[in-house]
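Two complexes are shown next, each including subunit A; its partner changes from subunit B in the first to subunit C in the second.
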Partner chain A sequence: MADINEIAKVFVDFYYGNFDADRKNLRNVYKDISMLTFEGQQIRGVNGIIEKLTSLGFQRIQHKIQTVDAQPSHPSAGSILISVTGQLLTDNEENPQRFSQTFQLVPDGPGNYFIYNDIFRLCYM
Partner chain B sequence: MEQSSVYSNVINSGATAFVDQYYKIYDTNRGYIDGFYKENSAILWNGNPFSGITQFKDFLLKLPVTTHTIQTYDCQPVLGSEKSIMVNVNGEVKYSDQSSKQFHQNFILMPDLEKQGTYYVAHDCFRFI
Partner chain C sequence: MADINEIAKVFVDFYYGNFDADRKNLRNVYKDISMLTFEGQQIRGVNGIIEKLTSLGFQRIQHKIQTVDAQPSHPSAGSILISVTGQLLTDNEENPQRFSQTFQLVPDGPGNYFIYNDIFRLCYM
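Now for the complex of A and B:
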């Protein structure tokens, strides 16, 4: 099995790269059993999740990742826990907002994963 | 803090009880923090891995007096391990008389098969942000 830190890095690059380019592309990494808790709002299933992500009220977004931590969450199942912290800039905003996001990735065929758990929060001082 | 119940009320209330107790013990009675963990718990503290609670507790006991203020916490059930709960916490921590720092902490709570009806921290990942 590939090193989980390597998998986490590839995933984080993929996820935020697609989020910033075109959020609809993230449809492939969620399934009907996936969960997203976005700023406290609980959503289940890929359709609701993509609807939520694409309805967010900004045109452009740029994520800047600061830390990525990975742990095997259930070694026999091969799932991975990834905790991300960073900053994001939307549209013409000049002051970045800090965020935290935690994922659990679950294997989906050889070399593939999908997002089962996803919790996103903005962080305010 | 609002808690909706799309996933499960049991999970929400379990996470609420855990968050309340964990930071209370951490701030006021840190010598008992190991009661939340097991020897095989996986712990990352600001990027530093600890192999087991004994080593982690030694480290925590060297930190100054803390005051945690929880801003948000969210929870979800975890796939693959029945009844396990993921808890995601954001807040501020104040060390002794220093100014507050923002932190993010993520836990996976698993049922403790040795003590029925209780949970332990199987994973703990902490970061200053």
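Now for the complex of A and C:
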């Protein structure tokens, strides 16, 4: 089995790369049982989650990842907890905003995972 | 069963209240299978975790919680994912630091939980 830190890195590169290029591409990593809490708003299921992500009020976004930490989230199920901190820039903004995002990835067939939990917060002062 | 947002709030009040009063008191919420990733350093087991928390280089600390988000982290096991953002002040520092902390609580008998996962990061600019 691949090291979970390596899985976390591959996932984070994939997730934010697709988020910044075309958020619709993230449809395949969520399922109907997936949950997103976005700035306190709770959404369940891939359709609602993609609708939320694609309706956010900016045209362009760029994530800059600062830290990625991963732990196994179950003694035997192979699920992975990932905590990310970083900065994001939208449209023509010059001042980046800090964010914190937590994922739990759950195995979905050999070598594949889907996002079961997703919690996103901007870090205000 | 109590609402998970309520459980998260009770846990957060308990955790940071004890952290700020006397970190040794947190011994009861970790077990030998618990994991802590503290600013990238990985520690496993209650003894190592408490040793880490009590050896941090400040005498006084005060956490101010800004956001608490909770989701069920398993379809049936009753475990809870909690993501916290906030500020902390140590000793005589006047400028607070932002932090992000993620917990997974796992049931430990009726109405009780222990911390299985704990990931802590300061949010730098």
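As a working rule, the second predicted complex is superposed on the first by the 125 of 125 C-alpha atoms of A that agree within 3 Å, B and C clash if a C-alpha of one lies under 4 Å from a C-alpha of the other, contacts with A are read in each partner's own complex, and residues count from 1 in each chain.
In this section, contacts are C-beta pairs under 8 Å (C-beta built on N, C-alpha and C of every residue); 3 or more make two chains touch, one makes a residue touch a chain.
Note that this is a predicted model, so its numbers are computed, not measured.
In the superposed model, A:Glu51 lies in contact with neither subunit B nor subunit C.
In the superposition on chain A, A:Asp13 makes contact with neither subunit B nor subunit C. In the superposed model, A:Gln71 lies in contact with both subunit B and subunit C. With both structures placed on the common chain, the touch criterion links A:Ile43 to subunit B but leaves subunit C unconnected.
By the touch criterion defined above, A:Thr102 lies against subunit B and subunit C together after alignment on the C-alpha atoms of chain A. On subunit A, the patch touched by subunit B and the patch touched by subunit C overlap at residues 33, 35, 37, 40, 42, 66-67, 69, 71-74, 81, 83, 85, 98, 100, 102, 104, 116-117, 119, 121, 123-125. Across the complex, subunit B meets subunit A through its residues 1-7, 42, 44, 47, 71-72, 74-81, 86, 88, 90, 92, 102, 104, 106, 108, 123, 125, 127, 129.
For subunit C in complex with subunit A, the residues that touch the partner chain are 33, 35, 37, 40, 42, 66-67, 69, 71-75, 81, 83, 85, 87, 96, 98, 100, 102, 104, 116-117, 119, 121, 123-125. If you check the complex, the residues on subunit A that touch subunit B are 33, 35, 37, 40-44, 66-67, 69, 71-74, 77, 79, 81, 83, 85, 98, 100, 102, 104, 106, 116-117, 119, 121, 123-125.
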